[in-house]
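Across the two complexes that follow, chain A remains constant while its partner is chain B and subsequently chain C.
Moving on to the complex of A and B:
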């Protein structure tokens, strides 16, 4: 379980490997907030290597989305697997995020 | 001394000379050690202890010589049959006397040493007994300090224990002063002996005037022996505190043997400290566990009895928190005009924070369910009551609220992001009572109410939380929503309690002994 951060153009890309759950959600939150503090505005979280997100993980995504918006920035999500896509649809969280099928499409959408 | 007396008497019998052995009495005079004749005079003077030449004393009637190898002891030979004693008699007797006296001294030393060892063994036994009893850290430290001070003859002593929170050494036991009034010492204090010994983890003997620090004044008088208290772990040693001994009754300096003995005892003190800490933390854990059981009972009591909606509806529900308390809940309402209200909620996360939000949601919904006309309005009003709490804690609730109108044969519902709400028809057809807004706390949007027909006697309402769906087996595979629904559909003709039992049987068969990381809740309603 780890988060790696890279930069593609103006976009900060965060890759989530494994799970986003109660035990590691604060780490993700802190990493993104640190980048936001440095003045970054565009963020993409890529879930292509993520199997599971629990309810506290979803909470952190919403909290990050709010904080980024407050700073005039944008957050996009990409590469949710079928289970995660269904979870976002059933809970209507898909209405709160801009979700793309691929990383490339997400990057183009900024 | 009988052995020496026998030697002197044998000497007289063979030489006809009386003889006596004298030793310094500590106040400038002489004391007889042994005599062949009790009437023998005391020598008026004696030669220097190091002199090898006999001295003629008492007007030449007596020859006196220092006994070689024995300090402050002299052999005096008196006239033999009235004649002046000869030097040859003295020189003949002198080695025998020396040998007997040295032998006697060795026996005396051995006896003293044996007594000391006995004292040390006794000390170890006493400490063993103290450690065997469950006592507080202060009691154990005070008893051990008294015993060790008695053994080495220290009139001032102290035991200081490290407090990791403040990084200070606190006096937990003292002799010669009150432990409660002795000030604590910072570990990084450069002037105090205790802090230095704690930092270096090496014993130290400081002489009078050396490293005198104000904080140690209450239990230090002149020279002080300071030894670290160590707790030996499989990965090495960890310092727990310091034991200080000072003001020795014998005025003798502390020897390497004393240091060794105190270091051995300090290890025992370390065990006592660690034992006392473990007992304390175990008691605290027990208390916490009891409070957690109480909290669990209290939370379960917040959930309504399923019979409050009978006979219009028959309900069975089970809530299993992942910790002692959780964020899952259900609620039931007997409502006017032949209606039954039912709610399921899942507060994000679990544990105490989620339980507090759950309790708030339970109490607020009890009011709003009766005062609002429509399920959508009810959830929207409920959000108004919880908005501030959810926002400040960054938590949210997936929540479903449905109202069955038994007269109109309809189920009206509203859903804030709750994924697992279903109506199962008599023929097994499953309808998802879908959310149209994200969970409460993540959006300001009010959910709109939906409506489906409700057929008494055949329809089943099944509400459950993601803890059930996400339960994993030993290979990490999720149970999944389809498997849960499958069991409910297959058992739809049975009573709600039997359906709930069947789902939990499935859960157990899937996950076995693996504890669920999330709260588990299932509610089945029929009418």
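Moving on to the complex of A and C:
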């Protein structure tokens, strides 16, 4: 499991490879906060290579969303598989995040 | 009474780095039992992740010398996962805020037990050679 960060135009794109769980959530949080600290405002997390997310992983996404909004930025999500879509619906986090089917649509939405 | 057998019985050191391996083993067993795919890929993986991380971080207080045991028993009707830690246990029935309520949706915590209840058909807690959280998933 790992996270890779790239820049597409003005958007910082984070790919989550593997799981987003209690054991690695702090690593994701720190990587995104480092970019926020540098002045980045637009963030997209792409879950196309993600297996599952636990409650602590969901918690980090909520926390990052709040911190980014406080800095005048925005966090959006893309490529949730059926399991992840169900997880976001169960927790009603699908109402909190703007979620796109594809990375391209998400990038266009900023 | 339905015949049952032990499908999984592993003990891991109390460290979250061992979680993923156990969860993948349980998921593989789930698939071998021809349980519907989403129950294996979502319900089992996420509910077990919650139970095991609770056991490590809360039950065992993140003490590396302690252990967590994960056991799965299967019968015709259900898979029953027991996650056992060395802690004193907790009140499963205690009132907890609904994490989906508008006033809690921005909270970073509080979704673990909620997810266990939503993803499993039954969640129980009892003492038996340690603090046991029992997750029951119907096979159909």
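Note that the second predicted complex is superposed on the first by the 110 of 110 C-alpha atoms of A that agree within 3 Å, B and C clash if a C-alpha of one lies under 4 Å from a C-alpha of the other, contacts with A are read in each partner's own complex, and residues count from 1 in each chain.
FYI, a residue touches a chain if its C-beta (ideal position, glycine included) is under 8 Å from a C-beta of that chain, and two chains touch if they have at least 3 such contacts.
Please read all numbers here as calculations on a predicted model, not as lab measurements.
Enquirer: Going by the contact rule set out at the top, does A:38 touch chain B (first), chain C (second), both, or neither?
Expert: Neither: A:38 stays clear of chain B and chain C.
Enquirer: May I ask you to decide whether A:82 touches chain B, chain C, both, or neither, giving the answer as first, second, both or neither?
Expert: The answer is second: A:82 touches chain C but not chain B.
Enquirer: With the two structures laid over each other on chain A, which partner does A:62 touch: chain B (first), chain C (second), both, or neither?
Expert: A:62: touches chain B and chain C.
Enquirer: Looking at the overlay, what does A:19 touch: chain B (first), chain C (second), both, or neither?
Expert: Only chain C is touched by A:19; chain B is not.
Enquirer: Quick one: is A:54 in contact with chain B, with chain C, with both, or with neither? Answer first, second, both or neither.
Expert: It touches chain B and chain C both.
Enquirer: A:95 in the overlay: touching chain B, chain C, both, or neither? Say first, second, both or neither.
Expert: Touch status of A:95: both partners.
Enquirer: In the superposed arrangement, does chain B or chain C reach more residues of chain A?
Expert: C
Enquirer: Identify the residues of chain A that lie in both the chain B contact region and the chain C contact region.
Expert: The answer is residues 21-22, 52, 54-56, 58-59, 62-63, 83, 87, 90-93, 95-96 of chain A.
Enquirer: Hey, which residues of chain C end up touching chain A in the complex?
Expert: These residues of chain C touch chain A: 16-17, 19-20, 38, 41-42, 45-46, 49-50, 53, 57, 99-100, 105-112, 114-115, 118-119.
Enquirer: Provide the residue numbers of chain A that touch chain B in the complex, in ascending order.
Expert: The touching residues are 21-22, 52, 54-56, 58-59, 62-63, 83, 87, 90-93, 95-96.
Enquirer: Under the touch definition given earlier, write down the residues of chain B that touch chain A in their complex.
Expert: Of all residues in chain B, those touching chain A are 346, 348-349, 394-396, 398, 417-419, 434-439, 442-443, 466, 470, 478, 517-518.
Enquirer: In their shared complex, at which residues does chain A touch chain C?
Expert: Chain A residues touching chain C: 1, 19, 21-23, 51-56, 58-60, 62-63, 66, 82-83, 86-87, 90-93, 95-96.
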